[in-house]
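All chains are identified by letter, namely A, B and C, in their written order; residue positions are counted from 1 within each chain.
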Amino acid sequence: MPVLELRGITKSFPGVKANQDISLTLEKGEIHALLGENGAGKTTLMNILYGLYRPDEGEILINDQKVDIEGPNDAIARGIGMVHQHFMLVPVMTVTENVMLGNETTKSGVFLDREKVSQRIREISNQYGLEVDPEAYIKDLPVGIQQRVEIIKVLYRQADILILDEPTAVLTPQEVDGLFKIIHSLIDAGKSLIFITHKLKEVLHIADRITVLRLGKVVGSAIPGEVDEQKLAEMMVGREVNLVVNKKIAEPGAAVLEVKDLYVPDERGNPSVNGLNLDVRAGEVVGVAGVQGNGQTELVYALTGLLPIKSGSIHLSGRDIHKCTPRQIIEQGVAHVPEDRQKHGLVLSFPLLDNMVLCTYYKPPFAKGVNMQEKPIAENGTGLVKQFDVRTPSIFVAASTLSGGNQQKVIVAREFSRPIKLLIASQPTRGLDVGSIEYIHGRIIEKRDEGTAVLVVSSELDEIIALSDRIAVMYRGRIVDILPAGATKEHLGLLMAGVKPEDIPDSAKQKSAGPVEKVF
Amino acid sequence: MTDKTVKTTPSEKKDNKFDLRQIFEGSYNTLLPLLAIFTGLVIGAIVIAGTDATVIEAWKNFFQAPGAAFAAAWTSIATAYGALFGGSLGNPKEILAGIQAYFSTGDSAALLKSIYPISESLVTATPYIFAGLAVAVGFRCGLFNIGAEGQFFMGALGSVFVGYSLKGLPAIIHLPLALLGGIAAGALWGAIPGYLKAKFGAHEVVNTIMMNWIGFRLSDWLLNGPMKAPGYRPVTSAVSEAAELPRFFPDPLRLNWGFILALLVAWLIYWLLFKTTIGFEIRTVGANPDAAKYAGVNIVRNFVLAMVISGGLAGLSGASQVLGVDHWVGQGFSAGYGFDAIAIALLGKSHPLGVVLAALLFGVLRGGATRMQSMAGIPVDIISIIQGLVIIFVAAPGIIRWLYRIHPAKNKQALQSRG
Amino acid sequence: MMKTKKNPEMDMRTRIIWGAVLIAVGLLVLFLFAFSTEAGQMTKFGLNLSKGDAFVVPDLLLPTQPTNYLLALILVGVGAFQMARGVKSTGTLVAVLAFSFVMAFLVWAARDKSFSLVGMLSSSVVRATPIALAALCGVISERAGVTNIGIEGTMLFAAQVSVIVGTISGNLWVALLAAILTGGLVASLHAFLVIKFKVDQIISGTAVNILGAGVTSFVSSRFLEKNIDALNNSGTLPSISIPLLSKIPVIGPVLFENTPIVYLTIILVAVLHIVLFYTPWGLRTRAVGEHPKAADTLGVNVYLMRYVNVIFGGMFAGLGGAYFTIGSVGRFDEVMTAGKGFIGLAAMIFGKWTPIGAYTSSLIFGFADSLQVKLQILKVGIPPEFLLMAPYIVTMIVLTGVVGKAVAPAADGAPYEK
């Protein structure tokens, strides 16, 4: 008897059928992986199960009972718990407060009983090996620990069915191993688990059963022993996928970017980049690997002039640019694909053609004096849309109407079409579908081959490994080591977790067999 | 927070592709403000009738004489709105008669008399155009300039000072100087909150309100002290004739060059916002300050610039009222222009053309309200009530849609929350 | 993640600037006040409100010039110390700066005169009350993630309704209740617009303000002006002395001889503090204002929390509105709130979105307000119009965040979409 069964779930959003007639079951004590690329409808399905969305059609059965889940409260009451991809934690509150929120224990019926909840958290911690300080503030905790808090939240509510949405996206390989241990202890305690991911290796490693989603539909299911990565990838993407990134050996030239002893405080004044040294040469891709929150964002902001530095130097082709404004840096040939495309990369309410000239609108041919020149701007837009394969009905529609992949292509088109010396790409494919990822990766390598110096920052280790000629590992605001392409994941993972380069065992440096995996 | 207030992207209109839905969208977008105004007027009518003693009396006997109750309500509303629109647009018959008289006898007296209400409405609309543009420019930069009121007053004081203190200059020099005095004073009043916002992130809404109050106190002092004209009343001297905006017709018609200037400035602001790099920067900062910073736009400069332009326009608004209409300044001179301007900018969707149209509407409403007060005894404050309602309806199209059962074209957001 | 470390370079600069400011103000006191008084002049600060008190404390008699010398010395001394070594909290510096300067100014202004210090402190508490209520309205709404800039309009509505109800019913307690309910009703309009229709919160608040001014002025000129005795003459709530407590010297007359609205405000501050930080309701409120999605996924009804908090906030503002009419003058005048709602928002920001902080900063505004009145009486030679600007200028300085910058709730002002 399955503990959970979904039958014919269908859900539409304006313009998109997110889920079409999806059915799946979850057995007790099972780890059921839901595999699909970004945009396949995995999260929508789970949000329906958790009561955040209502399905247009279909039904949900728990322990063979048909249930109507009208909101998270219903889901929680029926023993369903969800660990969201973007953590649902209030940063300015303590672990205890976050855990008890919505399900508070009180003294004399009125006042919060923090002690009791802390005690319960400690018990859960001990039982499942989820070490965490109940009095700590969320904002002070690293992401790995925050994830534990999320799991504790679910266990505190005595959930039997756990949904983990892309839980490994923000973890180091070693943290992933730790998470898998926790998952096994949960299964041992009689819980059942739905594991959402787009990573093939993980699925094969942890799942008992795999269901593959594509474009909102179930396209097949599999048992790990019976399929390989290639087969899963094809099911997921719907065509044959080349798992290896094709690129020539880099031929680096002179150093374009030289960073020495850089110190950068973040927006709240806390030190984020602490004595960082790095150089990027023409015609090579340097990848910055690291767990999110180790100063990568601030490094990129400092390089592009968005954040003032405290000390150190940044040289671009020999010229010190640390005092330059963002515009001066852009004008010296730096392109920036920002981490958050909707926040920094685009003006969503502006039409595409305006977004295409966001950094160059004031220069000829787009402007003469203060007069904007409509014709060149429109021609530029039309040209770039064609050249970079942006799928849009017109260059006059607002950027907000495009899909994530096409929005990213707009940014790439704008940044790559200028004459540039240095390309800084931060999380260039976050949340994109495979087609867009392949496309953007191809373009980045193309730029490298043209002789541009490229700095890629990504929290997806697979992406770093696939693109980089050299890999710089960032930990607590410093580059702790620089490894050549072909470094092992284990090696990188240990460095990302703060293990000193000299303490890395040789076994972790051994090159694993098989080609470098492509990222989804 | 206010970056959400600017919704329209004018360039969207340039879409060449023929799409029926877009045409519907377009008409829907113009329909909405009209319905908002209509609904505001209807509720205003209910307030007028509902607070009328005779109507209340009649309704007490509703079950005995329902007809009389409705008739009383209708009379009350018709008298009020009749006075309102009669007072602002004039009587078409009289206007026709005036035209006939002018062409048959060459006597313009009747014609001038008949168009007096229209002239007054345009006179009232003139400062509204400037002030509405002031708020609109702020909106476009993501700033909520709620202090147009104070900037208006300071502008009036600045221009009246230049107007009366300089003597013997020819109009060609004196008038522009007086206008500039108004612009400068208003711009200064706007620049301070703009700078504080840009530099310290201080909330411009609260600060512009504070600047209003500081401005009122300052004007109290000026009007009772340094700028007081000889005599008992706390008013300034009148500006010299060379500083006046010339009028088109003999007294009592007060329509003057200020109106033409307002239209020109509206066109200038349109050009600035949508055809120049300056406007592109302002709009980028307004729509997404993070992206603007990323693109190398100087946020601090644009915040200050937008508030200087905004304050300058509000100051010009005050100057136009002084130099074109009153010729001197007394206490309580600003009388709500700043708040009317917010409604106008919202109603006009922060687009100069929309602002001009909305200002004309408010010119008509305000122009007629005084007559309504004297004829029908309805306090002019009814216009503020209608205004507040119009703002709500324009900002919450959902209410209008629900009231009139309009379903907007779907498919606005092609893509959201997948994956 | 990483531990916060002081940034020595930045500290150095701000340290020197603060020191310089203190020294400069010290010199200002010296040249402006100390040098312009004569050796024998005395300043008398009255410490009793009425003559009939059980305990009469002797009035404070200060020699004007030496006091000013002393205060100038303190300022320069602390400034020098700050430059050389650095004082840890800017709060202390601001306190020293403000206290010394204001004292020096008062001692100077009231030279050869008697000045009722207790009277001024007592009027500070009274004048702080509407500001504090507006600030509390802001605190509770913004903690739940809704900016309410329409407090001013809400207070106007409540002020007018309470005076009308009070005059007609003859019962001021009913009038007080009517004011509170009116506040809640107006706030529910704001809540409805911003939560249900996702109207920009600033625009909705502005509409409430315009409606508040419009409707109350309309009603004033259509009804109240013609029927003052029948509609606009309610009398005022009585001042209640709290037994025993009101007999304490200085503090007694300042805090414990007030109208019920003042007491209610102080009680509200305490209750709100406990509710916000020690009860499930408060935890949920803060969560909804910081990260509504997180609260939603745990089954907290975000919309309900926001509705209720905004409406409660409106009730506080309604109480604040009642202060203007039945709490002080007993009649309604057009636009009588004079920006107090907005000053309340500044007090909320200065008080870092906490009830106690908001009340403390309201007291500062109240002090600035009553200082201005006293100085007019003392005829210090500054035009009263400039003194009247004081609360507004203080507000603007506060908002620059030069003195203690705080962070607003993260989701403040943003509509929540599921």
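One rule holds for everything that comes next: contacts are C-beta pairs under 8 Å (C-beta built on N, C-alpha and C of every residue); 3 or more make two chains touch, one makes a residue touch a chain.
Keep in mind that what you see is a predicted model, and the values were worked out from it rather than measured.
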In graph terms, nodes being chains and edges touches, is this line, ring, star, complete or other? complete
Could you tell me which chain lies farthest from subunit C when each chain's centre is the average position of its Cα atoms? A
Quick one: subunit A and subunit C, Cα centre-to-centre, how many Å? 46
Determine the centre-to-centre distance between subunit B and subunit C, using the mean Cα coordinates as centres, and give it in whole Å. 33
Measuring centre to centre with CA averages, how many angstrom lie between subunit A and subunit B? 48
Check each residue of subunit C and list the ones that touch at least two other chains. none
Can you pull out the residues of subunit B that are in contact with at least two other chains? none
Help me check something: in the complex, which residues belonging to subunit C touch subunit A? 1-2, 4-5, 7, 9-10, 278-280, 283-284, 286-287, 290-291, 293-300, 410, 418
The answer for subunit B against subunit C in the complex is residues 1-2, 4-5, 47, 51, 144, 146, 196, 199-203, 205-207, 209-214, 217-218, 220-221, 224-225, 339, 342-343, 346, 377-379, 381-385, 387-389, 391-392, 395-396, 398-399
Which residues, counting only subunit C, touch subunit B once they are in their complex? 147, 149, 193, 196-204, 206-211, 213-215, 217-223, 338-339, 342-343, 345-346, 349, 383, 385-386, 388-389, 392-393, 395-396, 399-402, 413-414
Subunit A residues touching subunit C in their complex are 50, 52-53, 71-73, 76, 82, 84, 88-93, 97-98, 100-104, 106, 110-112, 140-142, 153, 265, 269-272, 274, 293-294, 310, 476-477
The answer for subunit A against subunit B in the complex is residues 13-16, 18, 38-44, 304-306, 325-331, 336, 338, 343-351, 353-354, 358-359, 361-362, 367, 370-372, 393-394, 396-398, 400-404, 431
